[in-house]
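What follows is chain A paired twice: with chain B in the first complex and chain C in the second.
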Partner chain A sequence: MGTLIAIRLRNAAALLVLATLLCFTLVVSAPGNVAVLIAELRTPKATFEQVRAVETELGLNDPLVVRYGNWLGGALQGDLGVSYKTGDHIGPTLGSRLPVTFTLVAGGACFAMLLSFALGFVGALWPGRFGDAFTRITALLGASMPSFFVGALLIYFFAVKLRLFPTFGSAGFSSWILPWITIGLLPAAVLSRVVRVGLEEAMAMPFALTAAAKGLSRRASLFRHALPNIAPTYINALGAQSGLMVVGAVVVEPLFALKGVSDFFLQGVLFRDFMVVQACLLIFLTFFIIVNLIADIGIMFTDPKLRRQGGAGT
Partner chain B sequence: MIMLRSFLNALRGLPRPAVVTIGVFLALGLFGPYVTPHDPNAQDLLMAHTGISAEHWLGTDHLGRDTLSRLVASARTSLVGMSLVLVIALSVGVTIGTIAGFKRGWVEEVLMRIVDVGLAMPSLIVALAVIGIFGTGYWNMILALALAWWPGSARISRAVAVGVMNRPYIESLRVLGASPARIYFNHLLPTTIGAVLVYATAEAAAVALSIATLSFLGLGIQPPTPEWGQMLVDALPYLEEMPMQVVLPGLVLTAVVVGFNLLGESIALNRVPVPLPRRVLKQRRSIATTWRKATT
Partner chain C sequence: MTAPLLQARNLSVDLFTVRSALRPVDDVSYSVGQGETLAIVGESGSGKTVLNFAPIGLMPTGVVTDLHGSLRFEDIELVGLPAARMRRIRGGRIGTIFQDPMSALNPALRIGRQIAEVAELHLGMTSVQAEARALDLLKLVRMSDPESRLRQYPHELSGGLRQRAMIAIAVAAEPKLLIADEPTTALDVTVQAQIIALLKDLQKRLDTAIVLITHDMGVVASIASKVAVMYAGRIVEYGSVDQVLLEPRHPYSTGLIAALPRPEDKAGTLFRGLPGAPPIMGAPQPGCPFAPRCPLVVDYCTDVRPPLAPAPTGSAAACHVVNDVPHREMAHA
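Entry: the complex of A and B
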């Protein structure tokens, strides 16, 4: 298994390098002259000499390889450049915004896991009944409703009508509940189907018959024998969905006025602030790669086939 | 002809609700602007925020525009945007995928690794980043979404192309002396396009959602063009007084996406898995019982 993990680590590292190359290429290929933008920002009606000075200061005349090296070196030390719009350093701003997005995505993932297991088990324990149909419809709606619509509905019913939660801001636990539900509903819908279908397939296997033959109740065999069987599939789907939740955060953060990384990214996109877009994209891509790596390793630990295969190899 | 036949074959036996929803959506997209009761962009500030009335069946928004007309007119915005994205993404994807499936070897390796990198990133993040670099605008949105969507179709069309190339008739053609260009353009390409079109219908839901999301964020369709996501964000400040103006565009958009998702589910290409059909389950159980009989 050690070799398998080493291979995954190597692949993740290769992907990270590709991700940095992509972020760098995106900004280099941007139309317009960055130096003019910055010079205009510092002194309105900048002269040609001032623009040239900015060019040399930012090293825009260096070869691309040197620029890539400089940028990567800075990024590794947390220096992600300067925002073209505000002139602030991006690193510290990102640092202060990361906890918000992390809380949002982590809470959303927990909510998604809870709801997906609840829905999936209702469907698997009583297949073909009312509960099964209900969870199926919930999953279909959850996967189809745009998250901004879900958020608007939740705000209307729970914040405006019932006044249970605040509409926006980050003041304590209660203000996080609506964003968590909004961001977690789509992954919950997809994952609940993974649980439901996985359990059904596992229960149709011969070992389920053996369990029934030795007198185990359907419920007991579902929990003790079928559940470990769906773990690899579930972890795989959970990893993919957690990555996608960053996309959800781009919608949820502005909707609930949360000042997170996705909101920062959106501001950068709106004002064509390349450096902010680049820095956030790099953070996002790193996050996807790490989440997928963790999921891959998790699958190895839960899938006996992979465990043995790797063990024999070493 | 091969294209049409394989497309129709794949579309046979679809769930009724999906066909109805998508049929209504397509009809509104094609003929919507001719049947709207009012001009969807005509403002009447004196009539702003009225409820349901005989003149305005679903009320008006904050600028006094007829909501029903805007909802209907949005179908065309969505349909045109969605089609453009899918046509561009599929053209690129099918070209890359069929070349990979036709040439095999190192060409396939290189192309598919590029596709893998593209698939590893969530589509909307890619689209947002591209818009952030090249600026907002209708065509930038379309191209950004197409750029985010081509890898999926490339992977599918490569798989289809490899399957087609392995069929005996391709070998017969080669034996008969058909040129590579003839095999590619007359046999491989039409069959692949037909099969990949089905995949496109499954992806349509995600594209429609992305267009609406980008418009919601103010990066996609620009006002005053009616679009569901943008109608929703316009009505959001008046959520307390006029919740209906927020709910209606959301509901219509959800209905369209549900339709396409049901379609996708039925052709088993959707991300949301469905339970095994009863027939298959029964089969598996009967296999298990034969084992039991064999052991006793």
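Entry: the complex of A and C
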């Protein structure tokens, strides 16, 4: 098991290096000369000399390998460069925006887990009945409605009509509820199917018949015998969905005026602020890799066949 | 003489799946006394598993069963018993051993937990007491190194050890009746003998009755006291193990026992099989289901169903010819 975790860690590190290369390549190959943009931002109608000065200042004329090295070295020390648009350092801005996105995604993941288990179990406990059909339809709706639409509906109904929650902003717990639901609904819909189908498959296995032969009720069999068997599959799907939620945040953050990383990323894209785009992409990819690493380790802990590998007797 | 532990009278089982309705068990009667072993033999699809598992509610999901007749266990009528009362009997008064211990054990739970669960449910034990009981049970089924087995998972055990764990689960609440569905079929030959010896030993210690479903005549000879031979959902012969194995009366049992390979057979001898194929399960048939394959068949066999008639000597057989029923009498029936 220790060996397996070490292998995953090594793979994750390799992936991270690849991710930095990808970010860097993307930005370098973007069209347009950044130096022109910056020089014109400083002095309208900048001369050729002024542009050259900016190029030298930013190190744009260095070989690509040197530029990559400089950027990576800075990134490792928390210096992600300077925004072309504002001239501010990106590191501190990201630092203040990260907790917002983290709260959004973590809360959304919790909501998705709660809802998916509730929906999945209702369907599995009473298969073929009204509850089962209801959860199926909920899952279908949740999976097919785009989050900007869901968010707008939620704002209209709960914030504008019922005045239960604020429409936007980040002022305390209540302002987080609608964003969490908006970002968590799609993963909840997908995960509820994972729970429902997983439980159904487990209950069709011979060991479910053994559980019945022991005198366990269907409900007890579901919780004690079927649930441990779907854990690895569920954690795998949860990891993938959590990664995708960062993408969802690009829509949800502007919708609720949350000043998170995804909002920052969107601004960067709109203003061709490639340093910001690059930094945000790096954050997203790092998050994605870490979440998948955690999910892999979680799968190892819940699948007995993997738990004992590589370290007998642990 | 006291009433038998388990008594079936005219028990029939109808199965309804999405596409079809069949009767895999048709008008079957038998009884098992306390501490006795009844072997139910028959080929695949003869209804022996359905006969035992449908009445106690152990059918795969999606299969609807309809029971007729009577099956009494310790003065409780199992046919029509509410599900909640049936659950108290299953695992508590009736233990079950399945054919394939790999798939019958939960791959995600430790062996100890799977055994302790039964003690918690039926003996009202706390989890600590139940874990201690699980350890005792692993010793009872003669597992080597029982302390570490408790914490292992099914995939870490060999086939024989898994079946021992399965047996420990089945006897955890000291049931009066064990239903064993081909308990040795999925195992190596050497392990089969060990498991049969273990079952006999447990039966003696716990005074448990066993209903053993099998198609292995060697197993029947080594453990059973009574034998019921099933063919196409019916019991065609029923008697003591000596009667049925040594002096079979029904042509099907005769053919089955004659088909066993013998030591004096020369190498390369062809298997002596029964001609023809067993009927495809479907609607109940009017006559004897074995008639199309029977060497003794007479004209009314296909029209009149032979009753399982007890003979003055020997086993009861459901056959017009061997019971020597006069032809004229049958014609009026």
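FYI, the second predicted complex is superposed on the first by the 311 of 314 C-alpha atoms of A that agree within 3 Å, B and C clash if a C-alpha of one lies under 4 Å from a C-alpha of the other, contacts with A are read in each partner's own complex, and residues count from 1 in each chain.
Just so we're on the same page, contacts are C-beta pairs under 8 Å (C-beta built on N, C-alpha and C of every residue); 3 or more make two chains touch, one makes a residue touch a chain.
Only a predicted model underlies this, so the values are computations on that prediction, with no experimental measurement involved.
Enquirer: Given the touch rule stated above, what does A:V100 touch, chain B (first), chain C (second), both, or neither?
Expert: neither
Enquirer: After the superposition on A, what does A:L258 contact: first (chain B), second (chain C), both or neither?
Expert: neither
Enquirer: Is A:P206 touching the first partner chain B, the second partner chain C, both, or neither of them?
Expert: A:P206 sits against chain B and chain C alike.
Enquirer: I'd like to know which partner A:A279 touches here: chain B for first, chain C for second, both or neither.
Expert: It touches nothing on chain B or chain C.
Enquirer: Return first, second, both or neither, reflecting whether A:K305 touches chain B, chain C, both chains, or no partner chain.
Expert: Once the two structures are laid over each other on A, A:K305 reaches chain C alone.
Enquirer: Check whether chain B or chain C contacts more residues of chain A in the superposed model.
Expert: Ranking chain B and chain C by residues of chain A touched puts B first.
Enquirer: Looking at the overlay, does A:Y156 come into contact with chain B only (first), chain C only (second), both, or neither?
Expert: In the superposition, A:Y156 contacts chain B only.
Enquirer: Where does A:G215 make contact in the superposed view: on chain B (first), on chain C (second), on both, or on neither?
Expert: second
Enquirer: Does the superposition put A:R224 against chain B (first), chain C (second), both, or neither?
Expert: second
Enquirer: Where on chain A do the contacts from chain B and from chain C line up?
Expert: Chain A residues touching both partners: 204-206, 209, 213.
Enquirer: For the complex, give me every residue of chain B touching chain A.
Expert: Per the stated touch rule, the residues are 117, 120-122, 124-125, 128-136, 205, 209, 212-213, 216-219, 229, 232-233, 236, 239-240, 243, 246-247, 250, 253-254, 257-258, 261-262, 271-276, 281, 284-285, 288-289, 291-292.
Enquirer: Please output the residues of chain C touching chain A within their complex, sorted ascending.
Expert: My answer: residues 57-58, 60-61, 87-92, 95-96, 98, 100, 103-109, 117-118, 121-122, 153, 155-156, 166, 169-170.
Enquirer: Provide the residue numbers of chain A that touch chain C in the complex, in ascending order.
Expert: Per the stated touch rule, the residues are 203-217, 224-225, 228-229, 231, 302-305, 308.
Enquirer: Sort out for me which residues of chain A touch chain B in the complex.
Expert: Within the complex, chain A contacts chain B at residues 15, 18, 22, 26-27, 29-31, 123, 127, 139-141, 143-149, 152-153, 155-156, 160, 189-190, 193-194, 196-197, 200-201, 204-206, 209, 213, 243-244, 246-247, 250-251, 254, 265-266, 268-270, 272-274, 277, 281, 284-285, 288-289, 292.
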